[in-house]
Amino acid sequence: MSHARSEYEDFKTLAPDVYDLVLALGQAAAKAGMDKHLLELVKLRASQINGCAFCVQHHILLSERLGVPADKLNLVVVWREAPLFSARERAALAWTEALTLLPDGVSDDVYAEASAHFSEQELTYLTSAVASINVWNRFGAAYRWTPAERPKKADAAA
Amino acid sequence: MSHARSEYEDFKTLAPDVYDLVLALGQAAAKAGMDKHLLELVKLRASQINGCAFCVQHHILLSERLGVPADKLNLVVVWREAPLFSARERAALAWTEALTLLPDGVSDDVYAEASAHFSEQELTYLTSAVASINVWNRFGAAYRWTPAERPKKADAAA
Amino acid sequence: MSHARSEYEDFKTLAPDVYDLVLALGQAAAKAGMDKHLLELVKLRASQINGCAFCVQHHILLSERLGVPADKLNLVVVWREAPLFSARERAALAWTEALTLLPDGVSDDVYAEASAHFSEQELTYLTSAVASINVWNRFGAAYRWTPAERPKKADAAA
Amino acid sequence: MSHARSEYEDFKTLAPDVYDLVLALGQAAAKAGMDKHLLELVKLRASQINGCAFCVQHHILLSERLGVPADKLNLVVVWREAPLFSARERAALAWTEALTLLPDGVSDDVYAEASAHFSEQELTYLTSAVASINVWNRFGAAYRWTPAERPKKADAAA
Amino acid sequence: MSHARSEYEDFKTLAPDVYDLVLALGQAAAKAGMDKHLLELVKLRASQINGCAFCVQHHILLSERLGVPADKLNLVVVWREAPLFSARERAALAWTEALTLLPDGVSDDVYAEASAHFSEQELTYLTSAVASINVWNRFGAAYRWTPAERPKKADAAA
Amino acid sequence: MSHARSEYEDFKTLAPDVYDLVLALGQAAAKAGMDKHLLELVKLRASQINGCAFCVQHHILLSERLGVPADKLNLVVVWREAPLFSARERAALAWTEALTLLPDGVSDDVYAEASAHFSEQELTYLTSAVASINVWNRFGAAYRWTPAERPKKADAAA
């Protein structure tokens, strides 16, 4: 059974200008100095909500390379009920969920919490990260891109 | 009562690199030759779903300048029940709604219909338009940007 | 493609007694002196939610004849995020949405806001308007009545 | 604790013209010869969905007087899973639920099933019954009318 | 038309160890001294939400034997809007609904209300009752077990 | 900030009879010979849906000990879009989701798929596993039990 409708590589070939823009958009927050661990949690959570298997796998693997703790990766799916996330992470995740489930609106509470933990500029860049993963999710889920294979561990002898 | 949490202009100032990327992303589909009337309907519908008043007003005014028929602008909110939309428009609107309400998935039916009316490349660019308005909607709705005022009609004497 | 399952005219023929009652019910609020612009906004919003294309078109055309401002017609779909609606209009629209999406209940907040802006009698008549458009929507959406054509502008020479 | 926001009697006093119309609308289907047991099941189910305690109680008591079997009254809340309802009753209940939860649309399947069991005229009157209970539900739930007390059994000696 | 996918008796035969455990789980709360009328209301409401016709019928018949008032059985489906339920019953029903619709979470308000009316131990047993009916509902609704027939009234002469 | 309302240990103390029954219920499927990897995937997925952080952590740690592949643990949250799950696993996960989100019903398609991959007896035991994790989830999420700490890796010298 071929699961995918098309693949990540097809996107690059069919619309290279769009591909470059989306790639750049996804890097803007880190470039502006936002914490990479936080950005990975945010992108993983949005990808879970949006049902993009390619994106979940991509950000799991990237998070592992960046050293995001395993417990955070495993529990971000139920972060509201998991005490190991900091207040700042919770504010970012609540902002992420509200923006990802946008038709339900962004409440004053969620905005107040986000504003308490992030400067105006930080929140704008955080929003750009949420928006960018929402773009990738729309491509990855719509086309059902195949998740990347987990790279084999390096040989012990190497 | 001040309604807005911040304004469109603030976005430009706080994160000019992101602003430029999102602007370019929003123009890619038209540049690639997609029908502008269709793109406006798609962007208007996503903005209605996502509750972005700034974006609804922006695309209403732009649509009026482009000559999109008033009935289409008024009825796109209930397009499934309105016979004046063509099969191609309906396929694009169904694709738009599925991608905008992404957590509910993109069914094989919606994908088949979209693929029947758009080439692989067209559908990629259409997806970029849907993704880009979803980005704008996330900024506009989260910050509750004030909708632009409708420009006054030109003076009779002019 | 014939879209409709039956038409508005069929309703009148098949059950003239019901037709007359529903018509009368829809006129009660205006007869009791309620503001017609407000009633149109309320009926348009309910028709959008309920997906009745016939009703959306009907109340758009009627609103235009009554002189309801174009911005209000365009933005009522996202009225919560649009500052141009007055506090009284917002109270009426929140009441309308709660009653139209009734299985979710009518909260004390929505009731308090409605009671602050409308007398007991006004609110009863407003409720009758919401109820009546919900009746029309049930007929129009169930049978997928064809929206009326927009009347041609009168000839300049006429 | 007073639960109600106003009462059934207040409706009659505040807007007697509306009251009379809604009463007449609710009687149209029975007048046109529709089966009263079926109409009660339909009205009870809509009232359960819409959360109108006054209407649930009213139609339970009325159903008991009309001799609707107790099992049907108890199981109509889960009628899809309960084999005791006839195909005609199921078609009417599916039509009722679709019309009561209107924002979700009325599918071709539900319409086909309804059309298979009811003539065009019967379905119009059935729709009027669904619409009328939806009107009562909107008043009863919005104002949280107090359900009527169950009448005491007649004295044995009487 | 055979409605059921399998029957209650099949469960007992196919997995007798599970059957015995579920039966015992369902009796734990009453054994611990919880009020049987309250437990029936809770189990009836969960069964209505979960769409288990077998369970609705079972707990209706059991409630009747236990003497739960008819009005409570009829109105528990809209208990939020029905003033005849006591504060303690309302706290239990809100706890039941939150736990039955678990993906939506159990709010601090619902927990506070439950804790105000039940001791820690009582609430644990109440939770076991809610959990146990949710188990039965999962079997009964998944397999569409046929509801039991209402026993005939004993002969007057007997 | 203390997150938890009470803890796993409290459950054991307050209602030891219930605790023992739920424990036994959760072990029945493995005892009957069902594949433990599959049971862990099913329990993890239900716990994610129900928002039980304690249960997610418990079944992640247990799965790691049992050698369930990391990719399956990471992608089970989006299993519909992830090709690495077998047809049998997909049937079990679809059954699990339907039973966990029970108010939405268990469709004939989901039942047919489950019946194609599991014998009548296997499906009954699988259902017991889904039901049992739904019981644990109700306790764990309602009381917001603190997730267990990940055990430190054994000392190299040990």
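Letters are used for the chains, namely A, B, C, D, E and F, taken in the order the chains are written, and counting of residues starts over at 1 for each.
To be clear about the criterion, a residue touches a chain if its C-beta (ideal position, glycine included) is under 8 Å from a C-beta of that chain, and two chains touch if they have at least 3 such contacts.
Quick caveat, the model's predicted, so the values are computed rather than measured.
A.B. asks: Both subunit A and subunit E are touched by which chains?
C.D. replies: A chain counts here if it touches both subunit A and subunit E, which gives F.
A.B. asks: More C-beta pairs touching across which pair, A-F or A-B?
C.D. replies: A-B
A.B. asks: Averaging over Cα atoms per chain, report the distance between subunit B and subunit C in Å.
C.D. replies: Those two chain centres are 25 Å apart.
A.B. asks: Between subunit B and subunit D, what is the gap in Å from one C-alpha centre to the other?
C.D. replies: The answer is 41 Å.
A.B. asks: Give the residues of subunit B touching no fewer than two other chains, as numbers and ranges.
C.D. replies: 51, 80, 105, 141, in rising order.
A.B. asks: A student should be able to answer this: under the defined touch rule, what is the ring order from subunit A, with subunit B coming next?
C.D. replies: Listed around the ring from subunit A, going to subunit B first: A, B, C, D, E, F.
A.B. asks: Note which residues of subunit A are touching subunit B in the complex, please.
C.D. replies: The contact residues of subunit A facing subunit B are 5-6, 10-11, 14-15, 17-18, 21-22, 24-25, 28, 31-32, 49-51, 95, 98-103, 105-106, 111, 120-121, 124-125, 127-128, 130-132, 134-135, 137-139, 141-142.
A.B. asks: Under the touch definition given earlier, write down the residues of subunit A that touch subunit F in their complex.
C.D. replies: My answer: residues 1, 3-4, 47-48, 51-53, 56-57, 60, 70-71, 73-75, 77-78, 80-84, 141, 144, 146-147, 150.
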